[in-house]
């Protein structure tokens, strides 16, 4: 099968909208199709990776664990924008999974290399 | 019937979302119930009043004329934020109906006087 | 007036709009709006710049869901949904800055 | 890359995100994104600050619908839906900054 | 105190309907009255009985139906918004020649006047949306 | 050239579905091929045949059905998103014990793999959303 470079661009916070959750579903399917999958987190998207989600009080299903499970699907390219973290008072220690932190410009270069960019 | 002060707060541009149109429907019904209705336009909401809508190219129904018809329903309190106009390069001459232009602070005072504030 | 803000302060203009327009009163942050109340964020700076004009509240369950309940900035009071109801009852009117 | 922006530059962060991140290429403004291309607006200032990094396009039908087709800033090319298709075909990939 | 609630977004995509539900439960728990809950814009999509969310997720529509039944709540769906989005009861199906209905139990379809009336009759009207 | 289109928002509330429709028409008019149009998130709400928009407004659902019929387009609705939001065909109704269906002509319900396949098989994938 043709292998293409798919990037999922995540710019939205979790729980306020469903996009973070439904974008993860796309990631898992793309991985099942053995595509070259990467995830970019910038702007409010970096909040998706903030560890310690406790969703009982809002009666929604938490999906923090899914980020940790991505490695089992050979999805290991998680790129996070440094500036977006800083503007939100976050550092690498706050994130629930290991990621590659880079500048916006570097993230833009990775975007440019893709065959398909999906934004949620 | 009890008469209450209803204010519809419009902060979204027209056509990109349906809120501007569906908020007008609420205004007309509130007027039919003989309530004390006012409309506030601030931020991108001021774009709703930009004259010269030509919606043929996007095949959507234009509703610029509805603002002009509000007077027939005795809805005459249209308040527009001066700063929002300025940031968008607009002046009173650009608007499709006569309005009262005021500062954000003045607009905030009008909000404070309301019984019911509906935002779209 | 109780002002209810449900959007992230860095993605949307609704918190700015509220801070710039509303008369002194209270602000309750809910949903993605709670990010404004996190220490060290650009949202916190916006809230602090408003000085003491508004009493600040944030919905605890929304902060917990997002893993930021332990990051609440000074000067903001966390409430649960019952507290949300009390706030709506306490102020004569409320406005959701959508 | 063809960057497609469909949000107003004063309400949402998507144009800023695109301008700060994307490699040199093109930007096509559609839907409420077209407001960025109006003369005298804060959106125009953002686009001008990007210098010549991006070729700028805006969807004419969306500008007409909003009554701003005669307000297009210098340096932006108006296209119709057929031109939209041509732009997508011309660039290897496209990204919608939602 | 008498509350009404306006919900402008559908289930699952935005948190609005979730927040409104938790708020409504607490209003009742506090001993207040809920005069009406009005569904407008995409909010009308909360009123379809055809959803089948994942078993480990909340069922937003059923939750509203149950809350309405247990507390005799008045859940009103805006007719114009419902027509645009395909929310249909028996009467609407007949009037508009539709071959199926999807309105969930506990909801009724009516006009925007019901929203204005809620604003007039209630001490507080709280909006949840996007 | 082979195009696919992803639509993330429902009809009427956001312009996404309108823009995607105008874009799709122009793709075809230019002599390109449309491999697939995929409806995800609230986009699945474009696929209900129960809408009755005002007579002087465009009928978004019918427009898609007609375009699909005339051009043999493959309109695919994500099954997981459809289940959450109440978009149902005969098969789904049977599987999930629903007493009605609402899927419009020209649409079919299938998995997310259809979106990835569209990305692989098409030269361009264009997203319309909020």
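For clarity, chains are labelled A, B, C, D, E and F in written order, and residue numbers in each chain start from 1.
Quick note on the criterion: a contact is a pair of C-beta atoms (placed from the backbone, for glycine too) under 8 Å apart; a residue touches a chain by one contact, two chains touch by 3 or more.
What you see is a predicted model; the values in this text were computed from it and never measured.
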Chains touching both chain C and chain D: A, B
Of all other chains, the one whose Cα centre sits farthest from chain E: D
Most distant chain from chain F by Cα centroid: C
Chain C and chain E: spacing of chain centres that average the CA atoms, whole Å: 26
Where chain B and chain D are represented by their mean Cα positions, the distance between them in whole Å: 26
Mean-CA-position distance for chain E and chain D (Å): 38
For chain C, residues contacting two or more additional chains: 6, 10-11, 13, 31-32, 61, 80, 93-94, 96, 98
Set of chain E residues in contact with two or more other chains: 8, 12-13, 15, 19, 22, 41, 54, 57, 80, 125, 127, 129
Contacts with 2+ other chains: residues of chain B: 11, 15-18, 43, 58, 60, 115-116, 119-120
Interchain pairs in contact, sorted by label: A-C, A-D, A-E, A-F, B-C, B-D, B-E, B-F, C-D, C-E, D-F, E-F
Chain E partner contacts - residues on chain A that touch it in the complex: 15-18, 58-61
Chain C-facing residues of chain A, complex: 11-17, 43-44, 47, 50-58, 60, 62, 64, 87-89
Of all residues in chain E, those that touch chain F in their complex: 10-13, 41-42, 45, 48-54, 57, 61, 80, 83-88, 92, 96, 98, 100-102
Residues of chain F that touch chain B when the two form their complex: 12-15, 18-19, 22, 54, 56-58
Contacting residues of chain C [partner chain A, same complex]: 6-8, 10-11, 31-32, 35, 38-42, 44, 60-62, 64-71, 80
